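Below you'll find a set of structures to go through.
Two complexes come next, and they have one chain in common, subunit A, joined by subunit B in the first and subunit C in the second.
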Partner chain A sequence: MGDIAINGPRVLFEIPILGGLPITETMRNAWIVMLFILCLCLFLTSRMEKVPKGKQAIAEKAVQMIDNLVDGTMGPGCRGFSPYIATLLMFSFCGSLASLFFMRPVTGDLNTTLGWALITFVLIIVNNIKYKGVGGYLKGFLQPIFVMAPLNVLSEVATPVSMSFRHFGNIAGGLVITTLLLAALKALSGFVLGFLPVPLLQIGIPGVLSLYFDVFTSAMQAFIFSMLTMSYVGNARSAD
Partner chain B sequence: MDAKAFVAGLSALGAGMAMIAGLGPGIGEGYCAGQACSAIGRQPEAQSDITRTMILGIAMAESTGIYALVIALILLFANPFVNLF
Partner chain C sequence: MELFQSFVGFSPWELIVTICNTLITFLIIKKFLYKPVRKMLAQREEEVQSMYSEAENAQTEAEKLRAEYTERLAKAKEEAASITKSATHRATVRGEEILKEASQQAADMVKKAETSIEQERKKAMNEIKDEITGLSVMIASKVIEKDINEDDHKRMIEDFISKVG
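And then the complex of A and B:
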């Protein structure tokens, strides 16, 4: 065994302001992913024409799909949220898929997902206050009877915690299992095929698991995170 | 016995026992998926709505299991007790 290393994101370097601002692997990968998404968007929307064809048709179809999803989940009149939802979907999906390119997944770090969840939390509170008023929002905590108030506050606060832990836990769990599997396959090929210079069993077998842990889980968690965001904010906007 | 080894061993045991919590979400999600299947059997035209609701419900049911996973990960990789001795 010995060489199994499951660590948090490495600190690459520190910016010497405010007593040292650490720049981690996660942040570097996040910037790479953001750059990739920006380039993709610029490429898809360059030289637009009146009649869409080729790459412009793909971009319009994607925008239409997001708009339909937002309309179907949050009800009409919520198109203003679709840029945020599309950003969440795209960033989360690409950030998790970064592990396919031997980078540490951006979402395998609680800081990333907690940041997104806190943005959603602020959106929920702002929409609650906007549509029910401060009094109406606070009165909602006393439902059904006033004794339930601590529990209601707790469940409100638990929303961002559970959202961020869910996304982080799925990706980090996949990361741990993949690392353990790679180490186990290396040890096994050392026992069985020890005369070969390369760990032969490491070829191919991890790919099957990666299909589940990387591609399927990434798509699923990105979808779930944005769906939960939409339904929470949609609930806040619906006047009871 | 070395106190550190004792704490590390018990932490590993605790991490394993925390993952017993995987039972609950497993049963719940299986039941949820089964109910969704029978609902689709009764109303095939509502398949997309049912699937979407099912995925959301499964995600909510999964959170208890994820909490257990986070506890296990903390016990294994960021153990707060090892440095006490």
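And then the complex of A and C:
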């Protein structure tokens, strides 16, 4: 029964420079997901025609949907962010869904989500400074009164932290629960149906839960992360 | 022994790798999804635009042609009306002329006939006079059996006749 192990991402090997830079399972899976996204993009946009049909229609629909989402959340003139939002959506969704293919989800690693949140954080700061000026941005921390400054700074810093932990927590939580459930079902089937050579109860029940923890949560978190990025950056861009 | 990273933890190296991965994916999506799709959408929009402007041109042209044809038609109608009018006028004039000529001719003929009738009448009258004169002389000479001078008789009878007639 002591075989339940919930670990972080496995270290595949280490590059022996700077005291050993580990190549983790997360990185490998991320590269697989990137390769998949590259193939998907190439496939969807190959042999484009004037009259769209099939895969081309899907590609155009996807682009237009994300464009509309960006327009609706960030206001007009922000189409430049659309590819980045598409990147977040696809990378996050596919990275989470990797668990369906027996890979450790890419987003089940704090480094991944924190990396994205840091990009968002940088975008927020850059856009704030661009549209309000350094002084205007810093003055914003003194609103509504200067006493609030520490809290404002804290909330600003908390943005990437909360974003990354929300996404990571949801996926990692699903990972933990699925692992626990599998172990529990194995134990239960060994206890009740011990005469069978396979843990019968592991069939079916995890699939239903996986529908929630993998498919639904993946879509949900990808959407939430993108929406939050859009609204934060959109807020930063709206000069007031 | 397999090595594992901690379940909740982060390292700058892995963060950098994530950020690089994200940037690469961003470039992939931008270059291989957005660029071709945007290009295609722009192309289609351009085509629609050109089709619209073409249609508009065609409509303007048609409108122009229609105006031209209407004008031409009106002109043709006007011309036809004027032709009819002048023809009618000419016909009327010509008819009147013919009528006048005819009546003139008729009048001439009547006049000629009248003169010839008059002549005939005079001739007949003279003939009758002569005959009557001869007759009366004959009758008188027969009756009276007296030889009067024929010339005197003739004169007397002509007197008589002209008094009677």
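Here, the second predicted complex is superposed on the first by the 240 of 240 C-alpha atoms of A that agree within 3 Å, B and C clash if a C-alpha of one lies under 4 Å from a C-alpha of the other, contacts with A are read in each partner's own complex, and residues count from 1 in each chain.
Note that a contact is a pair of C-beta atoms (placed from the backbone, for glycine too) under 8 Å apart; a residue touches a chain by one contact, two chains touch by 3 or more.
Nothing here was measured: the structure is a model prediction, and the numbers come from that model.
*Asks:* Give one of first, second, both or neither to describe whether A:L38 is in contact with subunit B, with subunit C, with both, or with none.
*Replies:* Second partner only, subunit C.
*Asks:* State whether A:A172 touches subunit B only (first), subunit C only (second), both chains, or neither.
*Replies:* both
*Asks:* Pick one for A:N235: touches subunit B only (first), subunit C only (second), both, or neither.
*Replies:* neither
*Asks:* What is the contact status of A:Y84 with respect to subunit B (first) and subunit C (second): first, second, both, or neither?
*Replies:* The second partner, subunit C, only.
*Asks:* Just to be sure I read the superposition right, which of the two partners does A:K50 touch: subunit B = first, subunit C = second, or both, or neither?
*Replies:* second
*Asks:* Can A:I224 be said to touch subunit B (first), subunit C (second), both, or neither?
*Replies:* first
*Asks:* Could you let me know whether more residues of subunit A are touched by subunit B or by subunit C?
*Replies:* C
*Asks:* If you stack the two complexes on chain A, which partner ends up touching A:S162: first (subunit B), second (subunit C), both, or neither?
*Replies:* A:S162 sits against subunit B, while subunit C stays out of touch.
*Asks:* Under the stated touch criterion, which partner chain does A:I6 make contact with: subunit B (first), subunit C (second), both, or neither?
*Replies:* both
*Asks:* From the superposed pair, tell me which subunit A residues show up as contacts to subunit B and also as contacts to subunit C.
*Replies:* 6-8, 168, 172
*Asks:* Residues of subunit A touching subunit B in their complex?
*Replies:* For subunit A paired with subunit B, touching residues are 6-8, 162, 165-166, 168-170, 172-173, 176, 220, 223-224, 227-228, 231.
*Asks:* Can you name the residues of subunit B that touch subunit A in the complex?
*Replies:* Answer in residue numbers: 52, 55-56, 59, 62-63, 66-67, 69-70, 73, 77-78.
*Asks:* Which residues of subunit C touch subunit A once you look at their complex with the stated criterion?
*Replies:* 2-11, 13-15, 17-19, 21-22, 24-26, 28-30, 32-34, 36-38, 40-41, 43-44, 47
*Asks:* Going by the contact rule set out above, which residues of subunit A touch subunit C in the complex?
*Replies:* Checking each residue of subunit A against subunit C gives 6-11, 21-22, 24, 26-27, 30-31, 34, 37-38, 41-42, 44-45, 48, 50, 52, 56, 59-60, 62-64, 82-84, 86-87, 90-91, 109-112, 114-116, 118-119, 168, 172.
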